[in-house]
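Input: one structure, supplied below.
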Amino acid sequence: MLKILRDSDFLAKLFKDMLKIRLFENKVVELYSNGIMPGLAHLYIGEEAVAVGVCNALSEQDYVTSTHRGHGHVIARGADLNKMMAEILGRRTGYCKGKGGSMHIIDMTKGLLGANGIVAAGIPIATGAGYSAKYRKTKQVSVVFFGDAASNHGNFHESINMAAAWKLPVIYVCENNLYGISVDIRKVTNTENIADRACAYNIPGQIVDGNDVVAVFEIAQKAVERARQGLGPTLIECKTYRWKGHHLADPGTIYRAEKERKEWIQKCPIKNFKERMIKNNTFSEKEIIIFENEIKELIDNATEFALNSSYPEKSEAYEDIYFSAKEEEVYL
Amino acid sequence: MREITYAQAISEAIDEEMRRDEKVIMFGEDIGIKGGNFGQTQGLYEKYGEWRIKDTPISENSFVGLALGAALTGLRPIVEIMYSDFLVVAGDQIFNQLAKIRYMSGGQTKVPLTLCTTIGMGRSTAAQHSQSLHALVSHVPGLKVVMPSNATEAKGLLKTAIRDDNPVIFFEHRMEFNQKHNVPEGEILIPFGKANIVKEGKDITVVGIAREVSNSLKASERLVKEGIDIEIIDLRTIVPMDRKTIINSVKKTGKLLIVDEGHERCGVAAEIGMDIIKNVFFDLDLPIERICTKNVPIPFSPILEEEIMPTEDKIYHRVKRMMRRDNIG
Amino acid sequence: MAKYIIMPKLSFNMREGKIIKWLKQEGEQVQEQETILQIETDKSVIDFESQISGILRKIFIKEGETVPVTLPIGIIANKEEDISIMIKEALEILDGISKGEEIQEEIGQEIELKREFLKKEVQSSPEICESVKISPRARKKAKELGIDISLIKNKFSKKIIQEEDIIEFFNKEKNVVIGGIPTVKVIAKEVPYSGMRQIIGNRLSESKLTAPHIYFSTSVDMSNVLGIIESLKKEQEINITINDFLVFVLAKVLTEQPKMNSSLVDNKIVYYSSINIGIAVGLEEGLVVPVIKEAEKKNLNEIAKESKRLITLAHEKRLMPEDYQSGTFTISNLGMFGIEEFTAIINPPESGILAIGSIQRKPVVNSYDQIVIRPILKMTLSVDHRIIDGIVATQFLNSVKKYLFNPGMLLL
């Protein structure tokens, strides 16, 4: 903690990464509300410290799989905001040429093996990337983000079981935001902590304050180190909260107490981190404003880029199905 | 020429591809020391070790996802699902993940993954170990679907599948594993999307899928003695489908019978039939016919099993009926 | 299993049929698909095949008698089977007719009659099966060949008419129905344009619309031919007609110039090695074209005999399909009717037809510049210009002319 708190550049990066996510999501709210963004928007607001803390513990070669609530992971992994914004607006300049959208952003150049529309589906994929790294002896590690609800899916148990048995370099990061859509995790699960499940597979299970980016970073760093040494997987449970509903059309108020939500908003990962930095004299308020403006500009530029991008040609619906472009026509 | 079994041909194909490319690895149940449930991986564990021939726990969905993760990160995995009935256990990874990730990513990824599984009745294994679910995966865009008809075909098509940069579902037939065939020595690579006219004929086009090719050939031997000359096409791959070869044949004969061990309803025969009606309706001299598995769960008792499945005898009688223009329409 | 044999309805307009000959007698065994009798229709004599095996137990209609279509003419049954009720029923119906009860012309009545039989579990002959189906491929083929499928639907004894049936029908019928003579418009009464008339019409149209015709006419002095015919009559008592001589000459010229002995079929020009010359014979019902096969191998006497045989059969309506199939070139002679000259429509898929007019005695200038009276024959060659050029046609016609003018050259 002390060590990294002295590295102001790194701390600035953590702050800016979280802010990027927050401002990006705020822009999504705006675009979606104005009818510009199609489809579904699952917002990451409130959980930024998890993605930023974990991803900053990784090297560029490592792998990540994400979820339907994936904007945060993608941004934390250093994705191009222009391409992201274009993708969620269905433009051809987007990461997936407008074929994936918000839930399916992939950036193979950053080891980002995909956000995923199916709950828990990324867990075995990341596990396979871990197997691959181990087989190829590359020292890469693989991280999978998933929610509390996914921890009740067979994939969670099946995959951790294999990773544990074969000591694969995989880090299972559970973002416990307490609700699977409307269902309180405590109503459908008997273990108090998701991390407690690790003992069933004989691997370390860690619990961390998911709203404390530095704490998340440190615990992730340890897990990454362990994985690189060939000691196998770790399960990290990050306790956190989503401020918004399941997605933008869900206000998230029926099944949650307003009091609970307000308490968590008080624990805002960005605000708390900012206050701590100012208190510790790491940055002045002025510097923070400069950061904020910098990020704001990035988001505005991305939005402008996306809005100025054209939609795909209709013919593009028939491309990218199979690897060999020449053969594609035959398969339709 | 040497004779080897269908199971040996498959293990030979995997062996050759593993020797050729160290990125080829394999996941599945009982593929290690046991050498595969049907002997398809005999000797490979000893040769390539546990990290390349990986026995998995009974976690179909996750080990298919595991293979997908490996495929996305530079390996060329083969996954073995013991029975096609279990494909649905791994349904999410097959239908939603490996079939679609390339498209969803706008072409950023490739998935060089071969999923081997088995189909077929004839061993009284009842409703959960006998289904031929190739139509199910053919319905989903993004997968290639391969149906070898004998040992040589199995070897040549499997090697092509392993080298393909797309997800391929490879259906082996359980009744064929012990069947011997003259498999040529050396490299065999059979391209996808090229149906094989195994017997030319003028009277009726018979499209066979997997084991129904050899059943059609046996039926043909009887029919020839009665002066009936059928043309038999081995479809080889459902996706991509060589529609042209079927169309050209039907243009010649005007009559089409499709034989497939998949269930009849919404099956591959329906797809082929529709295609023919669309493209060569005015060349049809008789309504299209199909022999598929009846639309019931596969029963256990051999008598019941025989009742609902396509057989050589059923092909023989149906062709005769078609030649008599009987019971049509 | 006892079944009536029913007078088949073989075309839309067919009302009755005449029994020409019973090939089986009462008590005889009959096999499925075996020909059991010959029936004369409004067009020709048809062999009638039994649809079932059994014993011909009863014959209702004797040879030479005529009976309306769909009525019973006999019974096929097993040896021991009791057919007394069937006999009684059939006789009641047939008696009613013979007593002069008028046959209703309305089709509805006819169907009623038919239904009566069906009710009694009598298998109506498949020829009159209403539910006959025609495959798309058969329809396509019929269209290609210019066959109106609705007219021939009832000709088939199968549940599904397939391409092979259409081809078979076409091959059987094509030479019956050639074009060749311009129709003479004499309105005496109105008859439906259907049946054989319509088939002829369709084929004429098809020929004229698909094969661009080009015509070449010439005249020839027939003195020498007439002299030879006359001398043969005296010497051998062989009756050779001008037409026979023309066929003989055509065989010779077609041998020398095989390009004319050809057809355009499916984008291929087919040249035939045998020379089969069709002779258009006008009957009241329409034209038939019996064919003298391998005319190039026959001498004049043989041609005369074959020609006479075929023309007799045609007039007796007893031509069999093999008598009018496989023509490669046709001659249409209206000379005997006094026509000086005319043009004919090609009999598809042949490439040429020669139209012969009457011999007229006319003044001509001979090689000594004298005006003499000669028997002059005018003839007009029609060719399919798609495959025959003018020069080929001209050489052909000139050769015919050469041999007719100087038949001695036939000996060279």
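By letter and in written order, the chains are A, B and C; residue numbering begins at 1 in each of them.
The definition used in the following text is that a residue touches a chain if its C-beta (ideal position, glycine included) is under 8 Å from a C-beta of that chain, and two chains touch if they have at least 3 such contacts.
Since the structure is predicted, the reported quantities are computational estimates derived from the model, not experimental observations.
Q: Which chains, if any, touch subunit A and subunit B both?
A: none
Q: By CA centroids, point me to the most central chain in this structure.
A: Taking the mean of C-alpha atoms per chain, the most central one is B.
Q: For subunit A and subunit B, what's the span in angstrom between their mean Cα positions?
A: 40
Q: Just the number, please: Cα centre separation of subunit B and subunit C in whole Å.
A: 56
Q: Counting in whole Å, what is the centre-to-centre distance of subunit A and subunit C, each centre being its mean C-alpha position?
A: 87
Q: If I count partner chains per residue in subunit C, which residues reach a count of at least 2?
A: Correct list: empty.
Q: Do you know which subunit B residues sit against two or more other chains?
A: none
Q: Two or more other chains touching the same residue: where does that happen in subunit A?
A: Residue numbers touching two or more other chains: none in subunit A.
Q: Show which residues of subunit B lie in contact with subunit A when the two form their complex.
A: Residues in contact with subunit A: 25, 51-52, 56-57, 59, 61-75, 77, 92-93, 96-97, 101-111, 141-142, 144, 164-166, 193, 239-240.
Q: So in the complex, which bits of subunit C are touching subunit B?
A: 133, 135-140, 158-160, 162-163
Q: Tell me, which parts of subunit A touch subunit B in their complex?
A: Interface residues on the subunit A side: 63, 65, 94-100, 104, 106-108, 113-114, 116-118, 121, 123-136, 142, 154-155, 158-159, 161-162, 165, 319-324, 327, 330-331.
Q: Provide the residue numbers of subunit B that touch subunit C in the complex, in ascending order.
A: 254, 281-286, 325-326, 328-329
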